[in-house]
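Here subunit A shows up in two complexes: once beside subunit B, once beside subunit C.
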Partner chain A sequence: MTDMPDLRVAGVQAPRKDAREKVTGAARYTVDVDLPGMLHAKLLRSPVAHARLTRIDARAARDLPGVHAVLTRDDLGGLQPTYGYFIKDQPIVAMDKLRYVGDPIAAVAAQDEVTAVRALELITFEYEELDPVPDVASALRVGAVELFEDAPMGIVPAYGRGASAELRPRPNVCYRFAYETGEDDAFDHCDHVFEDDFVFGRQQHFHLEPFVTVAREENGQIEIWTSSQNPFPLRKELSRVFQHPENRIRVHVPYVGAGYGAKNNCKTEPIAILLARLSGRPVRFCMTNEENFLTQTQHAAKIRIKTGVMADGTFVARAGEILLDSGAYADASPLVAEKAGYRLHSLYKWRHVKTVCDCVMTNTSPAGPFRGFGGTQASWASESQIDMIARRLNIDPYDLRLKNLLALGDPYVPGESGMDSDIGEGLRLVADRIGYHGRIRTPGRGMGLSIGFKDSGGVNKPASARIKISTTGAIYLQCGSIEIGQGITTALSAITAEILNAPAERVHYPDVDTDHTPFDQGTNASSGIVVMGQAVARAANEVKARVLEFAAGQLDCDVSELTLDDWNIRRGNESHPLNLMIMRTYGGTGFEFTGEGYHKAEMDHEAPLETRCVAWEYGWGAAEVEVDEQTGLIKVLQLVVSGDAGRAINPAVCRGQDEGSAVMGLGGALFETMLYDGVTLANGNALTYRVPLATDLPENFVSILQEQGHGPGPFGSKGVGEGCMLPVASAIANAVEDAIGVRVTEMPLTPERVLAAIDARNST
Partner chain B sequence: MTEQIELFVNDEEHFITVDTSEMLVDVLRDRLGLKGAKIGCDRGVCGACTVLVNGDPTASCSTFAWRVDGARIVTIEGLAGEEGALDPVQQAFFEAGALQCGYCTPGMILLAKSLLARNPHPDRAEITDWMGANICRCTGYKMIIDAVEIAAATGEGQ
Partner chain C sequence: MDHDLMEAGWVSRGHGSIATFELIRPTRVVDALAAHRVAEDSSAAYMAGGIDQINRMQDGAAPDRVIDLSRVQGLTGISEKFGALNIGAGVTHHRIETDPMIASLAPDLAAAWATFGNIRVRMAGTIGGNIMARHPNYDGPVLLAACGARYVFEKPDGMTSLIDADSWPDVPPGADAASGALLTRIVIPTGGDRRLVFDRSLKPVISVAVAVDGNGGGRAAMGCAFAEPVCVAFDVGANAGEIAAEIAGALPVPIRDVFAGSDYRRRMARVLLERQITLLAEMGP
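Right after this comes the complex of A and B.
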């Protein structure tokens, strides 16, 4: 551990900034926004998975009393009807085709939701059904019907060394990412080459606050309140779709009732805005929990990994193919493919790596960003296979990992930044805590380890912050990081207070409003601390320098003689209240000091993804399970996870992130998955889609917060919040094999799958 | 069809004419402006809309308003005391940092209140069992269970 600076505000246990509002019910979310004259919107969704929409007639709906606007493809008035990230393929409402059960066909704004629902029933439409494409296998079958007959508008961003991508490399594949380094013939020199297949399920984010937007358009200004993680990119996309100047679109983001990745980019916003425009009234469009399932999901995946090793366990080469189920629209699939592909070979030393990741279109709900962002799929396959190899070589999986792990400072791949945690140290911690070494073997019980990781901080991601201090010392921290539950307002306020030598309570974090808040690319990729944190620290240092310069001028001395002590200037044993000094200069009306801060990782064409990874986010996991061979039921007795916050700005907040992500991972490992019966989602509601409850926690569930001190963020910090999701499923699968000698390669690890694996073992 | 009902919400008496299809959560949020109860699943599963009806934790999204005619209802807004002094359960959630996005928090706090009213000294297993009624997608529950333990230790419910 490196020497850490003494901190006063940051790094100590303090209540969250939003805690009081949230425990009293005073916290306001988009669902709570209520404008005078506000209408309510409802959506008509496709009953079929794949069809050509031939006719739509909404006249009867328009005539229903209480209905103020109806939106179909005939009401778009020359707008750009599609949106997306790299590929703009998702229509606001169906244009020519219906591509999944739930695809929006029409929307209504009415005086209340009941009237809106009634109006939807009056809309008639006709369609010609096409062959449905329920899954990856059928999408890739020769001669399969294509979801998109013509290539949608799309781009491939610039990539650096070893990375490349392609649009539509084959039918029903919207994007292919590939990464390669080292010599292809490395496999020829291995003692063993192992090839294994894995299947990854599909979780739903299940954020409790649904997708929701309140929109109005007045005097040429579009104004929305929305539950969004990335208001600035959203504003840009809305500007393109609506052909409306960005500075006439104003996005407000109240507290967000969580997102876990789902609340990036357009969701409820375009429809709410269009209905507001058509009706001339404010419109609230709030989806139901069921509609969340029809709007955004994680990527199911099929993964094949080939790994070449020496007899002594030395890793040599790794190649992989990932097929991501993207659902009906590209959404963030290309970005997820980048990360899944780039992370598949994991944190070991290889002479050769080669990965291809395809985004496959199917007639199912669109898949998009989900906590872990491709890393969850990659870790599942990669860390499962490490244990399988260890067993085949008769080496303990712990030792096999340690033997091959990258060391602190080793670049991940050529051109990439170095490891910023001692990975072996994390593994030792969780293994020791669970009692891995020297354990006494009990029939039916086993232990497993895993190391998940992701690059955090985003790719080429800029952030800016502004800090203002008023005459009386009131601090405004203006930046675009959204409080989505992760505690970012608490952490950034603590960093500000630390640098300004002020109590944290003096820092106010105004709601994000794109008209006033400095630009940020989005609250995602665990970037809050390592990217925005650095921008905030710069802004704080700048405003502090301004204050000290001002004071030096007033006291006619050198800046170096002065320190800022709360809202006083200290010079030797003199203390000068700043409010008085300011008013002496600027008069009784006062003044405001302002500091600006900006941060972005530098472009670097040698780095595969064009910037070196800002920080590496690791999640170490260890599990002990008991498996009932009669029922196939897995009982997780112990789950130990650990993340490295570098330096924890608020330890309790970090702990909450680690535990929350681990439990989300636990759900995905054991039971959570969207079940499709062909193209029909069979469990798309809260009753039938099972998320973990308090009663699902393992008897011994522990998170260990490491502070190794190597983070690039303020005071050595780095991001947490996704890492501990990553190792859980593979740690459990590894523990199952340790317990009963069978390998489950498909998530979630349901009793049926465990039993099937037992049957397979018994029949060989 | 409408009906006139009487509700005692956070010790205040209200006479309200409700449609028979109207849910308690909508009356609280839209008529009385008490936005603390949240709608998550709208199906009686997640508990984000939990309020206390005559002391019982109740999913207000799945409760017709007319059904609770004459009832005493406590919402999250009714817990804090004079000058915003936090109720012991709120205080415990505040101190333990037992919240993230906060969307489940009002429901979780009211659920915990109802436990401690019945059983002032629950052990950890009893707490876990009881709190298993509501969903929190953010925290992983452990800090919520810790908070209820703290509240129990500080004598809530006695």
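Right after this comes the complex of A and C.
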């Protein structure tokens, strides 16, 4: 652990800036936006999973009193009507085909929701059903019907050393990412080669605020209020879709009621805008909770890993294949594939790595970004197999990990940035806290360990910030980080206040508005602190320098003699109020000082993903379970997780993130998954989709916030928020094997699956 | 999801609009019964806490008249009469969980009831709504069947009918709605040293409640595994494993769905039954 600088505002467990508003109900979200004359939108969705849309007739709907606009494929003229990240394949409404149960067919804007639904009932359509492709195996079967007969517009970005990608490498695969490094023949020199298969479930984000947008278009200006994590890339995509200048599209983002990755890129926005354009009135399009399930999900996955080791447990080579279930549209699948494929070999020393990740199209809800972003799938398989190998070699899984872990500063792979936490130290912490070493063996009880990781800061991700200080010392922090519940406004305000030596209460964080807020690529990838935080720190230092230069001019002294102290200038024992100094120079109208900050990792073709990872986010996990061998039910007795915030800007906020992500991981490990009966989602509502309750928490649930001090963010900080989700499932699966000697390789670890594994053990 | 709506493109529960309806708010049972009498081509529905009735309406049910029972006198009482608890159909789950009389006379029932849903459901939902929902996963009918409870209905013709909780599944769903009968109270025997245990650890796969009395009689009820709860009477005397095996072997074929298979459900019925019968034996009279 490095020496920590003394801090006054940052690093302190201060109340959140948004606490009072949210507790009292005063906080304003997009769902609360109400414009004069606003209409309400509803969607007609596909009842079938795969079909050719042959006819649609909306005339009766258009004639219904109270209806102001009806949107079908006939209204897409003049647009680039499909969107996506790397691959632009998702239409605003169905054009030629219906690709999943729930695919939007038509939309109506009416005076109220009831009228909108009545109008949808009047729309008739016909279709020719096609063979459905319900899952990855069906999609890859020889001769399977293709979801896209023709290639949608798509790009493959530049990759660096060892990484590559390909569009449509085989039928029903929209993207393939591959990574390779080291000696091709490494497997030939191994004492043992193990190959194992794993299945990963499919969580839904279950954000409480649904997808929602309020849109209006007046005098050629499109203006939206939307529940979005990335307003600037969204604005760019809307500009392309609507063929409309970016500076005539204005995106406002009030508080966002959670997203967990789902609220990136186009969701409700294109339909709301188009209906506003067609009706000439503001339109509110707010989905239901059930529609969230039909809009965005996590990627289910099938994962095969081959690992070569020496007899003493030294790791040599790892190869893997991941098949992500992308659902009906590519969405962010290529980006998730990059990360899943790149992380599969995990943070151990290898002489050879070779991974491939395919994005497989199926007739199910589109899959996209989800907390952990490919790291959850990779960690599940990788850390499960590490334990399996340890047991096969009769080595304690703890020792096997320590023997092979990358050390602090070791590059993840050639050309990549180094490890910025002592990974072994984190493992020791959770193992000690749960009592792993020297534990007394009790029948049916076991302990498991796991280390998850992902990058923090995204790839090639720029962020910019502006800080203004008024005559009276009021501070405006303008940046595009979205307050999505994670506490980023509190943290960035604390960084600003710390540098400006001001109380945090004096920092105002205006709502994000793309017309006025400096550019940010998005609130995702645990980037708020390590990318935006650096931009904010630079802006704060710049404005501070300007203030001190101004004061030095006024006091006719050198800047080095001065310090900024709560909007006073200190020079030795003298204190000079800045407001008086400013008005002496600028008059009674006052002045604003402004500082700008920017951060982006440099491009580097030696780095596999073209920029080195800004920071690494780790999640250490340890679980103790008790397994009921008659029912297969797992009871998690203890769950210990730990993340490394580098230097916690607000320890309570960091722990909240660690614990929230761990509970999300617990749900995915034990029961939380979307269940399809063929192509029909069987549990797509809050009544039947099981999420963790407070009563599901283990009696001993502990989070340990590490502050190892190696982060690139302000004061040594790093990103948190995703890491502690990553190790939970594999730690539990490892504990199950420790308890009863059976390995479950499919998530979630339902009692029926566990019991089947017990039966299989008993029958051999 | 209503099949016709699904065919028309309504794929999401809650996506369809709730049809317009007439809201009646009676204050007496007799007025509620009268309000339920509608023309032959119309329909009416009672609503207590509103959780399930609104769900049904979001799923496509479209009663012309909804009769709000929240103001009806006499539906929220809790009393003891002739060795039995009388719980009004409008009593909320939270009251069952916290009422001193229930805690005194049937603490095991109160404890089991406290595990239902979440606090929002327990504050709004009622025992009557839980029964009338006829939802295969609801716990109320399972517990009440094990306890040997009876449901008291007031009928539009002024008659009162009593239905044993364990034969409630034999009443065709919808028959009560068609007749306009109103569930007014639930009668739960409290005498005879009855002891009750409940295991919902495997929900939504199966839940099991078992009650035994001081006379050697036992009743086992199972939920989630069938379209309606299944209740079986047994004699306590035999070995727990044998009783469980016999009951599980004679069960109808459990459902198979995305949550679990039929075989697993039957096997779990046996495991949980054996455990609970053993537990009750260990608890003693």
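We take it that the second predicted complex is superposed on the first by the 764 of 764 C-alpha atoms of A that agree within 3 Å, B and C clash if a C-alpha of one lies under 4 Å from a C-alpha of the other, contacts with A are read in each partner's own complex, and residues count from 1 in each chain.
Please note the rule applied: a residue touches a chain if its C-beta (ideal position, glycine included) is under 8 Å from a C-beta of that chain, and two chains touch if they have at least 3 such contacts.
Remember, predicted model here, so these are calculated numbers, not experimental data.
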First, second, both or neither for A:L687, with subunit B first and subunit C second: both
Considering only touches as defined above, state whether A:D18 meets subunit B (first), subunit C (second), both or neither. first
Could you say whether A:V663 touches subunit B, subunit C, both of them, or neither, answering first, second, both or neither? first
Touch check for A:T288: first (subunit B), second (subunit C), both, or neither? both
Is A:V117 in contact with subunit B, with subunit C, with both, or with neither (first, second, both, neither)? second
Please indicate which partner A:R8 is in contact with in the superposed arrangement: first for subunit B, second for subunit C, both, or neither. neither
More subunit A residues in contact [subunit B versus subunit C]: B
Mind working out whether A:E752 is in touch with subunit B, subunit C, both or neither, as first, second, both or neither? second
Output the subunit A positions appearing in both contact lists, the one against subunit B and the one against subunit C. 114, 288-289, 685, 687, 693
What part of subunit A is in contact with subunit B in the complex they form? 15-16, 18-29, 31-32, 34, 114, 205-210, 255-258, 260, 288-289, 484-487, 652-653, 655-657, 659-664, 685-687, 691-697, 701, 703
Touching residues (chain side subunit A, partner subunit C) in the complex: 42-47, 101-102, 105, 113-114, 117-118, 120-121, 123, 125, 288-291, 293-294, 630-631, 633, 675-677, 682-685, 687-688, 690, 693, 750-752, 755
Subunit A partner contacts - residues on subunit B that touch it in the complex: 21, 29-30, 34-43, 45-46, 48, 75-77, 79-80, 84, 86, 90-91, 93-97, 99-106, 109, 128-129, 131-133, 135-145
Where on subunit C does subunit A make contact in their complex? 6-17, 55, 118, 201-202, 204-205, 257-261, 264, 268, 271-272
